[in-house]
Amino acid sequence: MTRMFKRILIANRGEIAVRVIRACREMGIESVAVFSDADRASLHVREADFAVHVGPAPAAESYLKTERIIDAALRTGAEAIHPGYGFFSENANFARAVKDAGLTFIGPPASAVERMGDKVEARKLMAAAGVPVVPGSPGTLESEEEVRAVANRIGYPIMLKAAAGGGGKGMRLVENDHDLTALVRSVASEAKSSFGDGRFYVEKFVPGPRHIEVQVFADNFGNTVHLFERECSLQRRHQKVIEESPSPFVTAAMRQAMGEVAVKAARAVDYVGAGTVEFLADENRNFYFLEMNTRIQVEHPVTELVTGIDLVKLQIAVAAGQPLPFTQAELQQRGWALECRVYAEDPTAGFSPAPGKIQTMRLPDGPGIRIDAGVYEGAEVPIFYDPMICKLIAWGRDRDEAIARMRRALDEFSISGDLVTNLDFHRWVMRQPLFLKGEFDTGFIGQHYSGADGRVEQDPARLAAILAAAFLVSRDGTQARPPVASSAPTTQTSAWKTLGRIDSLRR
Amino acid sequence: MTRMFKRILIANRGEIAVRVIRACREMGIESVAVFSDADRASLHVREADFAVHVGPAPAAESYLKTERIIDAALRTGAEAIHPGYGFFSENANFARAVKDAGLTFIGPPASAVERMGDKVEARKLMAAAGVPVVPGSPGTLESEEEVRAVANRIGYPIMLKAAAGGGGKGMRLVENDHDLTALVRSVASEAKSSFGDGRFYVEKFVPGPRHIEVQVFADNFGNTVHLFERECSLQRRHQKVIEESPSPFVTAAMRQAMGEVAVKAARAVDYVGAGTVEFLADENRNFYFLEMNTRIQVEHPVTELVTGIDLVKLQIAVAAGQPLPFTQAELQQRGWALECRVYAEDPTAGFSPAPGKIQTMRLPDGPGIRIDAGVYEGAEVPIFYDPMICKLIAWGRDRDEAIARMRRALDEFSISGDLVTNLDFHRWVMRQPLFLKGEFDTGFIGQHYSGADGRVEQDPARLAAILAAAFLVSRDGTQARPPVASSAPTTQTSAWKTLGRIDSLRR
Amino acid sequence: MPIRYRTTLDGIEHEVEIEELRPRLYRIKLADTAHDVDVQPVGSSSFSVLVRDRSFDFDVIRNGDEMLVVSRGGAVRVTLVDPRRQSRRAGAGNHVQLAGPIEVKAMMPGRIVNVLVKEGDQVAHQQGVLVVEAMKMENEIKSPKAGRIVKVRVAPGQTVERGEALIIIE
Amino acid sequence: MPIRYRTTLDGIEHEVEIEELRPRLYRIKLADTAHDVDVQPVGSSSFSVLVRDRSFDFDVIRNGDEMLVVSRGGAVRVTLVDPRRQSRRAGAGNHVQLAGPIEVKAMMPGRIVNVLVKEGDQVAHQQGVLVVEAMKMENEIKSPKAGRIVKVRVAPGQTVERGEALIIIE
């Protein structure tokens, strides 16, 4: 039996920091939180056994200060650092600095992070390892002519992608030769200005693609397994917002093929720990390597619910030198799980962030419902970071039951205060016939969501609503509040947002 | 496909009413709550689609008024009535009245309720069906001489049990012939005064028994299955307080044998719906039929978590005439689940009820945690009913993980106000070496729990505690509060209780 | 004694008469039909409401006379105006707050990516005026009213703090 | 300016000196050692407290000078007395409220199952005096102090309401 860590520092914040703290507590390991000025009262600080201040609110001056994070670990006697997702999670330099300080980085080796971090190199490497990649340029391109040559070979439409891009940035769709000149110039300049790396490459455009990923796990003894797929096609602003496992699109044969390919991809970079191999799938169920995320994903709970494996505890165990406690054959999917990411954002205003203070919050619970939250009632969703409130996860014996439970849980979920949430958006998705049939691709939200609620009230509800309003008026007096002008809206705010904000002002 | 109900009335309150409402909502069925004067603001009223007032606070004048419950169902157009547990759940007359009103009773046929309701008849019936029963009298006894004859046949110690008893009442342990006369007289008189039925019977006393039960389910088409066992030996005041599934005591062979016997028991009374066959097991893993509960049990969630089956939704589906959607062979146990019943009661004062208003409540969540609650922050736990606050349920891949998660969740759980909870008691159990080893019987709590907390604070925690106290004093002023005398404690109250109560007075 | 309100429900006006029969029980008359309604507060701005056996659970978010009433079924916008008060506020319509010069302020810290207007420009209601990057996302800021740009206080590349005035529209 | 308190921590007395260095940062001296402590309110009676990098999350339940401070690790009982105030309250010890006649009251509605004492009996502290059945459970009610039973107001079989005086002990 290997020695387990006594204390772990979590170089992150929000729900993932709380998630890792919980894993530590269940393993009898003490947790060290770090926090910026904006996070003194945050849930991860409250829940951790230790907490160290690491700087001002902007992440670049606190959560992304390598030396401060490592100093905090050394000072509190932490033996290992868990990076969560985002921040330092895919930063090879940080992983090396942690190792150089005599600590354990809970993640893959720096070399694997690095090799998967460069998208063009990763493409080459995967193609060489026999992993299917989207047809395109073998490496980066420099000139319009090179691009045109590739385009003529693979055919339009094509995608121009910045080598250092990601999250939907640094990408251009080129429909035909006519647009090529302008778009090459545009992507090259954006790549340079946004990422400081002007390189780009070309891939054939896959129409109506599904985004499907495979969870992999490897230990230090050469065991590499996959924990099946996650369906992540529901995206807004090129960011995932609802995930599920299994995918309603994946057949048993496709599942096995994707799993084998994902394991191959991980082995090709001598991977250790939790990782995710992302694929694009076309309508014919061809799938192509997109990228590998060398960290725990936001959407890991859906895999946990269908496999029964606690991925975060397993990350810690593997980092401490333990072998995987199961073989591929012992893993199985049971039932169906869905995750809704609940954000402080305004779906009726292009999903723009709308953080603020949570005045009241009633979380759902009961059968099949899990919540991974990073906030509490009375907490502030800070404006400086990703405005996630919590992840709402539902499990069912089959997809229909999982959706029914999610719908039920969303209806129970109430939150109010100086912020807007995307709960109504999730309620809308859970009632869409195409979603219920499992027929959607990455363009679904853009094509079908208009921001309108669409639900109609029954008559007694209207009466009751008037009464609730009248009760409030008669209890609190009929004084009119100050007009709205003093906080003139700067974007097209929803009524929710405006009212929420103003409501909070008078408390 | 059979026709599903459009609307169901739930003839209950608290967490089980909320649990049934959730099942209805997930099935697209409207729910009708009933409430007494004490429950107007209760969670089940808030969560239901309809709510009907049925009388004053005492259950006998509201929840137990057959005609009012049935009137409420007819008036709101409910087609079926779910009785929950307690109240009308094992009342054959109520089941008949429901049927006579043209409604469906979501539970077994009245005849099965009746045959299992009489303990002596049930014993006879089970013995005849080949179900092992504790050695004892074949039927009820009348005189001391009859008792002595049985005792001489089966040997001391013996248990005298009132035929109509239950929940630990109407039972006497007779260690030897010398005590027989007095104890026969005592149990006969208690049986008469408490249950209005002076009959009693004799069973051999099983020392250090385990209380293990098997969940069964049957449909209207002759399919009867079991969903494995629950371990319910942890009891205080002869009432279960912590349950788990599987049982750490049960071997695969014993599990199969118990399951088969339980199915046999259910078939013997032509059972339909969800039921539980309770067994006593001795240290040699002999098991004996104790009784059959002809309803859903409080502890049903542990079975749901290990089998993946939603028992309440299945009750509704079977009552609507659907067949069981699985066979015995398709059922399997996965992982381990534990349930802690969180009560408003004072463990340091003999677990006496200590209901009151919940001022603040922070519920745990995260991986493997489920909460079935009947209250919300700001709600009152009424003094008139069972003072359960919620059920905290943890799932893990194995027993160790389930316990670790339960311990973690208990540590996250905070509740304060004008009530006392048994959270500290659960925290204590989850750290007991014998419990961790699975070595306990129904006498465990009585033998090992002293009411002392036993946890020691570290030094920095003491400093921090002083500071938190000082902060509160400096913020709220140093005015001493009125002395305690005006609410003189009537039982040996814990500090928690006293402080909690007084604290609430000044708000 | 019943109180009369002029109520607007999802944009449609009604006369409503509300009478407290006894604590928490109200009689409400709407379009000549009376209903008895049981209102139970269950939190600072939460109410359990029973009407004809139907149970509703509402969070009410109030902005003066206007209220957003949120329930499981969705949200209803309700305006309640006491006619005796209304005369005093005559002319104070919904858009009064948008008359006169308005400062468009930053709702969160960010970086100005693009300024789409210049001083002197006429802009329409909801026309885009600025692009701000915040939290890795670009947000187009739209004009809250039709008017003329009288001042542009920011330039592309500049970082701004929450609440900072960006543009003034007259 | 530091404030001195006499503090009792789980029954042991200490002198403690507390100084606010700046909002939410306190210096605390206990047994001649000083510690800087960061206190952040996170709810009406909840606090996040950092001491030497350790993080604690407390709910504080206050009863005058006495506080029950509850955290993940367990509960600590803290008494804080300002010595300048203490002289005024001299003699007001912990048990003052139990002097004189005390009414033992019903904590919940129930039925009297048994009365274990009669008028004139001497009872010890914590001696059982009554058995009450409430919510299907029998509860033995114990004497809150040593004394003499001056009045028994109930008899077996009688039902009682919450708050009803059952017995008076002198």
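Per-chain residue numbering starts at 1, and chain names A, B, C and D are given in the order in which the chains are listed.
By definition in this document, contacts are C-beta pairs under 8 Å (C-beta built on N, C-alpha and C of every residue); 3 or more make two chains touch, one makes a residue touch a chain.
Since the model is a prediction, treat every value here as computed from it, not as a measurement.
Between B-C, A-D or B-D, which shows the same interface as A-C, counting it as a repeat when over half of the contact pairs match?
B-D
Per the definition at the top, count C-beta pairs in contact and tell me whether B-D or A-D has more.
Taking the two pairs in turn, the one with more contacts turns out to be B-D.
Just give me the whole-number Å value for how far the CA centre of chain A lies from that of chain B.
40
Starting from the mean Cα coordinates of chain B and chain D, work out the distance between those two points in Å.
32
Could you give the separation in Å between the centres of chain A and chain D, each centre being the mean of its C-alpha atoms?
Going by mean C-alpha positions, chain A sits 48 Å from chain D.
Among the residues of chain A, pick out those that touch two or more other chains and give their numbers.
Those would be 47, 376, 411-412.
Two or more other chains touching the same residue: where does that happen in chain C?
If we look for residues of chain C contacting two or more partner chains, we find 43, 54.
Which residues, counting only chain A, touch chain B once they are in their complex?
Residues in contact with chain B: 18-19, 22-23, 25-28, 47, 301, 304, 308-310, 312, 334-335, 362-363, 365-373, 376-377, 397, 401, 404-405, 407-408, 411-412.
Would you mind writing out the residues of chain D in touch with chain B in their complex?
The contact residues of chain D facing chain B are 3, 5, 7, 9, 16, 18, 20, 26, 28, 30, 35, 37, 39, 41, 43-47, 49-52, 54, 56, 58-78, 80, 82, 85, 89, 92, 96-98, 102-109, 126, 134-137, 139-142, 144, 162, 166.
Provide the residue numbers of chain C that touch chain B in the complex, in ascending order.
Touching chain B: residues 38, 40, 42-43, 48, 50, 53-55, 57 of chain C.
Can you name the residues of chain B that touch chain D in the complex?
Residues in contact with chain D: 167, 237, 350, 352-355, 360, 383-387, 411-412, 414, 416, 424, 453, 455-458, 460-476, 478, 480-481, 483-485, 487-492, 495-496, 498-500, 502-503.
Note which residues of chain A are touching chain D in the complex, please.
Residue positions touching the partner: 32-33, 40-41, 45-52, 75-76, 376, 378-379.
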